[in-house]
Amino acid sequence: MSRRPYTPFVSAKTHLVLLEDAGLRVGPTVILQRVKLSLDAGEKVGLLGPNGSGKTTLLRLLATLQRPTSGGGTVLGADLMSNDIYRIRPHIVLIGHEPGLYPELTLAENSRLVASLAGRDQERARTALELVGLAGAADRRARDCSRGMLRRTELARALIVEPRLLLLDEAHAGLDESASALVDLIAARVAERGGTAVLVSHDAERLNVDRSVRVVGGMVEQAS
Amino acid sequence: MTFWRQAKEIARKDLVVEARTSEVVLMTAPFGAAALILIPLAIGTDAPLLSRLGAGMYWIVVLLFGVLVILRKSAVDGPAQTDVIRLLGVDPAARFAGATATTAFLLLLFEIILAPVVIALYNPDLRGWPWLLLILPLTAAGLALLGTIAAGVTTGLGTRISLTPLLIIPLSLPLLLGATQALEGLRLGRGILPWLVLLAAVDLALAVAGVLAARPIEEATA
Amino acid sequence: MTALRSRWLELLAIVALAASLVRSFTVQADVTQGDVQRLMYVHVPSAWLAFLAFGVTVFASAAWLRTKQDRWDRLAAASAEVGVVFTALAIAAGMIWARPVWGQFWTWEPRLVTTALLFFIYLGYLSLRKAVLDPAVRARRAAIMGIIAFIQVPIVYQSVNWWRSLHQTSSRNSIDTPLRLTLWLAVLAFTFVYLALMRRRLELARLEDQLEARHADSASELAGDGVTIPTLDRVGQNV
């Protein structure tokens, strides 16, 4: 699977993300229901809602890591029910609750692994760690790093991959002021390059977004 | 990035992690060696008896304790790490190939470490021992393939530590028989070839099955 | 009358089983083994069904992977449940028979060993099903494991066969015609029992799924329902 240069899967007329009555249930439990959501290029969108409302699951759905069990939609032009999702995955970065790093590898090694699998050169990994302020800690093993440092390393992943769709769960969790500002910068960068950034947060005031949607009871309500 | 490069990256990452923790060399192998020491204390230390049973006991320990080597991988690759790998566009079959390669290598290492232990304690008949250069890797590969598939279907389950061995052990019988009977066949003057062919056939069947099942397994790990 | 009609398969199974039992006890006993040989009329059909049920599970697994229709998953699960019972019965009958005949409970004969392993494969399959909560994920993982196991079972049998031939000559006694007929009758009877059990089990599974679907439509449990706003003013009072 060679890394092709990004070819736009979406035209100016289509949405980057379009969910049509998408739902997700696990056994008898409904997590998401009748979700209608459209996201366009250049947007930064906030995702708000109480605990258990389905925000994380919605992010995973947008990341194509889970398929909807009802309804459907497209992400980056790929039908969520088709195998096209494998094609568009390299253009998505999801930074979730738990750090997706290998504890026994250093921050630099984790980043180099990402660069390698993303088809980017190793230098990019080093630069990304510098940009997030971890150049001095690059050779520390992930298991010896604080939660905030791990979070920053994951933000470096967004810089390495340069996704079209950036999904951030608990966007500002565990980050100090400067790192928090970094989140906004990276999200803005993705939006400037014609992508979309989706940030989940419990703190509506902290979010620096163009618009927000609320997730309540597994459904999406558009807010201002 | 091509399939093989992806698989290589995955394998390399796994080997670096293992090198840092040395779990197989410093923990699992000594555990296996301890078992080999306990067995004669349970069944009797009669030298001819041990000599007769040595090879069989070795393979049983490799099989049963080798499952631990397989299980450690599922502990290293948690759901968050797997999500990152998936989103980087790694082909599920490449992930399977890389994971299996590492596990096979570690199982081979495990076999090599335990071999002198069983030779010293049990004094087995080593006629035809050069064939072990073929038997050890074939068995390691077969066990790794079976283990990676089983670990794949038990990902994220709370009972996977107990369930994975239950899925692996019954299906590993051809590997056990192939390994034990290969040298036995030589000793009795019958051929070794059928057993080697059996081992190779099992490995091939599992490799094909594993690659084909890689994407469906990934789809089942929401 | 309709109740009778819907139960025709069960009645057929009972009648066939009764006939088989009567025949098993009235046919001449084996010359060398005596009466204990009559256990063959339980052991052999049970073993046959153990493998048939497994075959059905695998076939249904493949069908589910192809079509994603729930009924195939139900069939696979039902056949595994019924199959594990027959496997246990085959092993138990075999062991009771072996003791007086061979002087030990186990004979290491290829078919017996493969049947024993099949028992554990079934257990693994059913344990896997039990461990996965989501029906779709459960169906998929179980289907994959079922097919992997299926590929291995003939290899298991063949390898035990070769192992046996290395160590001892296999003894396959030819069986006399009246005894053979009794055996076939037993196999037929047990097959009807399998079909009857399967029918009931599938019906039960279908009703369970229907109930779940109805439940799901009306009062679906929403994931976030149990979460409410904490009542902070009460914190610190007696806590």
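The chains carry the letters A, B and C, assigned in the order they are written, with residues numbered from 1 in each.
Here, a residue touches a chain if its C-beta (ideal position, glycine included) is under 8 Å from a C-beta of that chain, and two chains touch if they have at least 3 such contacts.
Owing to the predicted nature of the structure, the values given are computational and were not obtained by experimental measurement.
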Category of the chain touch graph - line, ring, star, complete, other: complete
Central subunit by CA centre of mass proxy: B
Gap in Å, rounded to a whole number, between the CA centres of chain C and chain A: 46
Mean-CA-position distance for chain C and chain B (Å): 29
Gap in Å, rounded to a whole number, between the CA centres of chain B and chain A: 37
Residues of chain B whose C-beta touches two or more other chains: 219, 222
Overlap residues in chain A, where contacts from two or more other chains coincide: 26
Multi-partner residues of chain C (each touching 2 or more other chains): 134, 136
Contacting residues of chain B [partner chain C, same complex]: 149-150, 153-154, 157-160, 163, 166-167, 169-171, 173-174, 177-178, 181, 184-185, 188, 190, 194-195, 198, 201-202, 205-206, 209, 213, 216-217, 219-222
Complex contacts: residues of chain A adjacent to chain B: 1-3, 26, 60, 63, 65-67, 86, 89-90, 92-94, 96-102, 104-105, 109, 113-114, 116-119, 141, 157, 161
Residues of chain B defined as touching chain A within the complex: 1-3, 6, 9, 13, 16-17, 20-21, 76, 78-81, 83-91, 219, 222
Residues of chain A defined as touching chain C within the complex: 25-31, 33, 50-54, 57, 69, 217-218
For the chain C and chain B complex, residues of the former touching the latter: 65, 117, 120-121, 123-124, 127-128, 131-132, 134, 136-137, 140-141, 143-145, 147-149, 151-152, 155-156, 158-160, 162-163, 166
